[in-house]
Every structure is written in structure tokens, then in C-alpha cells.
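Both of the next two complexes hold chain A, though its partner changes from chain B to chain C.
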Partner chain A sequence: MKLMYAKTHEWVAIDGNKAKIGISDHAQHELGDLVFINLPAEGDSIVAGESFCDVESVKAVSDLYAPVSGRIVAVNTELESAPELINSDAMGAWICEVELESEGDDLMDEAAYAEFIK
Partner chain B sequence: MYDLIVIGGGPGGYTGAIRAAKSGMKVALIEKDKVGGTCLNRGCIPTKALLKSAELFESRAEWQGLGVNAENVTFDETKAYENKQNIVTTLNTGVLSLVKANKIDFYEGHGCIEGEHTVSVNGETLETKFILLATGSVPAGYNPKRPVEGIETAYNSDNVLGEPIDADDIIIIGAGVIAIEFAYYYSSIGKKVTVLAPKDRILTMAGKDTASQLGVILKKKGVKIITGASPKRVDKTSVTYETNGKEETVTGGAVIAAVGRNAVTEGIGLDKVGVAYDKFVKVDENMYTGVAGIYACGDLTGKIMLAHFAAASAITAVESMLGKEHSMNLSVCPSCIYTLPEIAMVGAKETDDATYKTTKFLMGGNGKALIEGCARGFIKLVTDAEDTVVGAELFCVHATDMVGEIALAIAKKMKVHEVAEVIHPHPTVMEAMGEALEEVHGMATHAMPRR
Partner chain C sequence: MAKRTPLYDCHIKHGGKIVDFAGYELPVQYDGLGVITEHVAVRTKAGLFDVSHMGELIVSGPDAESALNYLLTNDIRGMYDGQVRYSVLPNPNGGAIDDVLIYRVNGEKFLIVVNASNADKDAAWISSNLKGNVKFENVSSKVAQIALQGPISKEIMLKLVTEDELPQKYYSFKWEVNVGGVKCLISRTGYTGEFGYELYCEDVDGIKLYDIVMAAGKDLGLVPAGLGARDTLRLEAGMPLYGHELGEEIMIDEVDLGFAIKMGKEDFVGKAALEAHTPEYQRVGATVVDRGIPREHCDVYCGDEIVGMVTSGTQSPSLKMPIAVLRIKLGYENKPLEADVRGRRVALKVIPMPFYKKA
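What follows is the complex of A and B.
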């Protein structure tokens, strides 16, 4: 499994041709308490760099951008009624899983991302 | 000899009759039940009156925090229905006195077209120059293509609003506006509610973000929402439905079917004069049926089944009869859903055109919304490439009162800055509308800078 981050603060865990996507702990901290996530739908195609989902915190609505391209094969619907799971465990609270077509440009590994958010 | 006979005394019919009378026409109004129609007697007004009781009861959880102490707060549904009935009766009487004051002849009975210029009622035959058909609609049984065995054993919105249901566990078939308002009402007064949604989500006419947020709010109130449920059989207190190819049965204390409404086209003599209709009476943009002197309005025409559209379309019909220029703009019609937060929609959807821009402003920073105890929700504006306001979806407290401003902007094809330049009063929920407009260009004061 390979864990990568996008400059827009999404993480992607790539395992063979499957990839799970979430947002980084840094991102959830910046967003504040999440009250809603507008989840994508199973079967949707997402394109690296384009918005695929939005989250609403007490402060703002923010678009999330796809770190990879592919077709969504699973959605973590638990987040719909409990978006706060992203705040409590950003790395565990995956949003969706895709059948990977291609990775986005400029993805960073953990060390590079840690440097990026410094 | 009348200038106009109106068949049906709902919001379309009585508005048309009064407008005609005020324009100098000699008018008769025929109603077989009570003036005010579905809206006043079995729809808008009674449901909102009951929701008022339910919302007040539900807010008891916040009272202590507001400094209000009360013990053993209980809900007396019979009393809530009495209050509802008092409001309905007051309005019934009000409409009747308006009818009388406008010197409209009121006939209580069943009106039926006998010829292009004749209408029968209570065995009498009346002559008229024009006829306005305003017979409205009734709760639908079910789509004949997908029959549901025993659906007639379920309650519908008519009988539910008559008197309280004696059941603690209520199954609602449908997930449209009527179904969701009932789900909201019953869950607020402490009943167990199951919603059988035929599609993959509730309120398919609203945006997915609005519908799923309200879905979460309902679930937190204990409402069970079963999506993709296609009902097959109803047996008074249970529903057997198909989901993902297999049959399941849910049993409760009562079943309410809220599966849409059918126009009343039967028994009003349409065939006698050749008025064209299928499920609805066909009309042109003047609300004219194409048969000499005969016009139709409201639910009967199936255009938009809402009371305010019925009234506006009746005015259009009367103006057409008089050869006057139309004073109503029927192309922009807001629609409202009375939950908490409320939902109000008008104009284009964000998905209607790829060039549309959507802006969402959150209510979290609005002081008045916070004071009202409902900081959840947002105002979503849809604008086109020329920065013209083309649509809005409001999901917040007072949404239904606020949507009018955007309806005006859309109807007058106003640019964002033309609406935003108007000072909105503070503190109001309405000032969030000013901020939402500013946020189209990222300038709202109470929104975080975009990342």
C-alpha cells in the first residue's frame, strides 16, 4: 500500500488497482468541526484535480479535489450521519474507494507532505 | 347571465372570482365542499398549523438553556387539531365574506359544464360568457403502471388532516414534500416513523446536499428512511415493499400514502364540450382550453401543483378573458417545504446548465439564525455567466419567507450586484441573503476566505 497526499490536502491510499481517499489531519484541523459531507455516489467517475465532494464545517463549505482518477466502487456512507469521524480520525475516515485509472500530478509522500504543510 | 362562472372555490377559483369581480365582471362561484379548497382545508394551512404545535413541543429541549423552565410538558394532539381547525374556520369565513363583499353569487353544490356557455348546479342551469375550471386535485391512489394492492386501506393527506391518527408507529409511503412534512410532524411529537422512499433519496426535487442533510436530521429524530423501496401491498397497518429485488414487510400502527395528487377531471362535463385533457386539462399560456370561453387554472392543469401558482394562473385566465395584458409572471414560481430548517427553491438548479455557477453561504455566522436556535443550513445561489441570478435553494430557518427576494431578482433578470447593493436589515436571517449575494464574488464578511 502506498500513501500519498495532494497539495489540496486529500490523502490517497493506493493498494494495487484500488485507492481509498480521505482528507488529511491538517485539513480537518483547518476546517474545524465538520457538520456535513456531501458524499459522491458509487459509480461516479472522478478526475484527478477536479472537485468530487464537498464538506461543510461550522466555518465554511469546502470542495475536496480528487487526488487520482477512477470510478468510485464504494462510499463510506457512515460519514453521512457522522461527519465528525473525519475530525476524530482523519486518516481512518475514508470517503470513497475508487478503481484506479491514473494518479494525479504532484502527489507527495508523507515526508514531503509534512514539509509542505510546515 | 353571468360574465364568469368559476367551478371550484380553492385558491385558484376564489382568487379568479374575486379578480374578475374587481374588474367589473358579474361572477358566480361554485364549490361543492368548503371554500379554500385543498390548500386551506386539507393541505398547506392545516399542515403548517399542526407543524407549529409540533415544533413548539419539540423545542422544549432548548427551553431550560433559554431560561424557561417547565415540567411535565406533554403534547395534546386533539388540542393541536382544534387549533388547526379554528385557523381553518377563520380563513374559510374570511374568504366567504370576501366573496360576498365582491358581490359574487356563491353556489354550494357540484358544478358541471352543460354547454360552452352553460353550467349546471343543484338542478339549476346558469348562463355565462366565460367559464373558469378550478376543480383542483385529490390525493393519488397510486401509479396505475405500478399498482399497490390494498393502498385504499392506508390513510392519505385528506383523512390524516381530519382528525388525529390513533397510532404510535407510523409508516409513510412516499418521500416527497407531503410525506416528509408528515414525517417531520409525527417524529416531532414523539411517534416512531418509517419512510418508504421509492427513489435513492428523499425529496428528489431538492438538491442532493439539502435532501441528505435533512435526511440526517430526520434520522437523528428517529425517523427510519428506507430508500429504493417500491411498495407492493398495503394491509392497513403494514406495507410489503420490494427493495433490491427482494420483498420485505414493515408493520406499524398506521400507514399513510403520500404518493402525489391527481387532477379532478371527472364529472365536470369536459367531454360535453370537447375540452382536451389526459391526466390534466390542457391549456395554453393564457390558461385557455381552446374551447370557446372556457379557461382552467391551478392543479387541474398539472403545471405546478401549488396554491400560489393556482392563484396566479387564475388571474392570468381572467385577464385573458378581458383581453388585458398579463400581470403575473408564471415562469418563476417558488416552492417551499416546512421542516426545520425550512427548504425553499426557485428558478434554475445548479445542474441545469454547465455554465452556471453555484455559491453556498452557510448560516453558521448569522446571529439571528443562532438566536432562533437553528444555525444549520445554507443559502445556495445559482448565477449564469453574465452574473444574472437564475436560481436559489434555501435551507435555513425562515427560508420560505426569504425566497421571495430571489424570486423577484430572477423574474426581473437582475445581476448579482443589483440585488446585493440593497442594504439588508440587521439582525435578521434575511441579511444572510445579502451575504450570499456578496459571496458569489467571494466578498461576504461572514464567510471564511476561500482556500
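What follows is the complex of A and C.
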């Protein structure tokens, strides 16, 4: 499994031709308490660099951008009623899983991302 | 460059996440707490806010009451010394220059507390429109103000002052109260819908006062609270916010503030415009039927017709559901309404305000 991060603070865990997507701990911290998530639907295609989901903190709405391209094969519907799981465990709270077509440009590994958010 | 309040160092010390608000660097929330935690603390224990960005103006002199009364929609005659009254500061067209609190120190001296974003505009307007023998002072930059809000506020204050030194009634105040060596004005006011006090002191004493109150309350559950919680708290309480529910272009007879608009009193700014005006809009509260959070500026539809907009909206931390304030045309409050939430239609349900009432 390979864990990568986008400059827009999403993580992607790539395992063969499958990839799970979430947002980084840094991102959840910056966003603050999440109270709503507008999840994508199973079967949708997502395109690297384009918005695929939005989350809302108490104060504001933020778009999430796809770190990879592919077709969604699973959605973590548990988040619908409990978006705060992203705050408590950002790396565990995956949003969706895709059948991978291609990776986005400029993905960073963990060390590079840690440097990026310094 | 953004200004800082006298309490800026307190925010840094407590891990405040600083944002620019109305030209001031203020904390939106604090590290290790966050909007929801701070909000819940105010509803269950207490929170301490820096509201030093608010403006303070003093109008005094033999004609202070009548001169000021002409500039306000509410009637300030007959108030007692130590009483506070809410009013709109109207413009000649019937819109709002600001909404304000009037503190009567005595019959010839009034303190006006105004919104930070409007303080300069208000000062210019009031100073140039006061008639008769009056003196005007803008003391905004010399005053620090903190708001102690929450059910245990009184318990905290009683560690610092006696029962007699605290204002008893809602919307009353005591002045020249000694709080741990700092001379304060204490009012039973706030912007949270919760029991609480607001304390005013000289700017140079601000940090000392903040630290004294924080130390007195810390073990009881007092936490610092930022602008984020201030907004969700006032919204749950159904309190209007200038720039959202009120504005120069919004007629003040359309915002459900009738209690503060005394059409029967003698002439005041905007009275003629209001008398000639037939309200077309209203301010109502709403939640959603299914999912989604309507935010300010979302259009409100009845079928294909746009009948208004959302002026404020958030997820209510106390009620755990979305709440929104709508400005919609009269007669549509009982019809099926939808908000356009970023391209998605979200069905609305009109509900009474305040959304939250203290136990």
C-alpha cells in the first residue's frame, strides 16, 4: 500500500488498482469541527484535481479535490450521520474508494507532505 | 493593517486562531477547544469573549436625551439610571445605520455601544446630527470590553465582587465597580441568549481584568470563547447581526424588531419614510426537512419564484440541526420553501425564533 497526499490536503491510500481517499489530519484541524458532508455517490467518476465532495464546518463550506482519477466503488456512508469522525480520526475516516485509473500530478509522500505543511 | 484589541496577547497565550474581523485581529476559536466546545461551554458553564472591538460613544449634556432620542427608533425617555435599552440607529430612508445599546448613566449622560464595523460611520453620523446643548465623545479606542456568558457567570463574578455590586436585572448595569483592582462598568447583557455579564474597563486594564475573571472561573469550567461561537450562539438566540439581518438598504419594519421601533414617539430620523412604507418582507427562522445547511446569500424559492434569501445559517451546536434566518416576502411563510444550497434544492421548514431558549 502506498500513502500519498495532495497539495489540497487530501490523502489517498493506493492498494493495487484500488484507492481510498480522505483528508489529512492537518486539514481537519484547519477546518475545525465538521458538521456536514455531502458525499459522492457510488458509481460516480472522479477526476484528479476536481472537486468530488464538500464538507462543512460550523462556519464554512470547503470543497475536497480528488487526488486521483477513477470510478467510485464504495462510499463511507457512516460519515453522513457522523462527519465528526473525520475530526477524531482523519486518517481512518476514509470518504470513498475508487477503482484507480490514474494518479494526480504533484502527489507527495508522507515526508514531503509533512514538509509542505510546515 | 488590522488593529489589535488591548487583549490580543491573551488570545495568543490561550492559543487563539486569529482572523481579521471588522478590521481587528481577533480569535475565531482556540486551540484544543474549537467552535462547538466553546459554544457548549457557554450553554452549560461559561465562556469569556473579548469584545473590545465594539465601539463606545458618549453623549452628554442638558439636551443629551432629546437629541439622542431623535436619532433612535426606540424611546429612551423614562429610563432609570443604570438601565440599558436596545435600539436601531435608523437612516433617513428607514434602513439601519447600525443597531446599538444605550446605557443611561444619568439623565444627562448616555453611553452608546455600537458594532465595530460601523463604529466610525456611527460616530460621524451621531456627532454631526446631535441637536442642542450636547457633548459627543468617541471613547472606543480607550475601552476594553469582555463578555462573560453562561449559567455559572454569576458564581464566577461572586468570587470577585459582592452581590450588591452586580446588576440584578437583565439590561441593567452598575458602574465604577472594583473588580480585583480594576474599575469596571458591569452590565447584564450579552449576545448569546445565555445568562451573563459584559464588563467594560479602561484599555490599559484590559489584560488584568481578563486574567482576573479567567482565573476566578477556570476551575469552575470557564473557557475562552471566540468569534465562531459568538456567531452560532447569537444565531441560536435569534439575535440579528448587522450586515446580515440589518443593513442600510433593509427597511427596519421588515426585520421583526417592532419592540424597538416606537412609531408613536415624537419625530425621529426615518420616521416619515417608515410611515410611508408598506412592509414587503419579513424575518423568519427555518430549519431543513432533510439534509444540508443553508448559508447566508442562498436564494430562497417557492416553486420557480425567488421569494427571498438566507441572511444567516449554520449547524446549531445545541440543537444539532441546521438553523437559518430568512428574509422572505410576506405571505410565503406557510408555503413550501426551498433554499438553493450551492446548486442543490434543500426543502425548508419555517420554525419559531429564538431557536434556542435557555433552560
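The working rule: the second predicted complex is superposed on the first by the 118 of 118 C-alpha atoms of A that agree within 3 Å, B and C clash if a C-alpha of one lies under 4 Å from a C-alpha of the other, contacts with A are read in each partner's own complex, and residues count from 1 in each chain.
Just so it is clear, contacts are C-beta pairs under 8 Å (C-beta built on N, C-alpha and C of every residue); 3 or more make two chains touch, one makes a residue touch a chain.
What you see is a predicted model; the values in this text were computed from it and never measured.
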| item | value |
| --- | --- |
| When chain B and chain C are modelled together on chain A, clash or fit | clash |
| Which of chain B and chain C A:V35 touches, first, second, both or neither | both |
| Partner chain(s) touched by A:V61 [first = chain B, second = chain C, both, neither] | both |
| Clash-bearing segment of chain C, relative to chain B, as chosen among 8-16, 44-52, 170-178 or 350-358 | 350-358 |
| Touching both chain B and chain C, residues of chain A | 35-36, 38, 54, 56, 58-59, 61, 80 |
| In the complex, chain C residues that touch chain A | 28-29, 34-37, 39, 228, 231-232, 291-293, 295, 314-315, 317, 322, 342, 344 |
| Chain C-facing residues of chain A, complex | 32-33, 35-36, 38, 54, 56-59, 61, 80 |
| Residues of chain B touching chain A in the complex | 208-209, 212-213, 215-216, 219-220, 360, 362, 364, 376, 378, 447-448, 451 |
| Residues on chain A engaged by chain B in the complex (per definition of touch) | 30, 35-36, 38-39, 54, 56, 58-62, 80-81 |
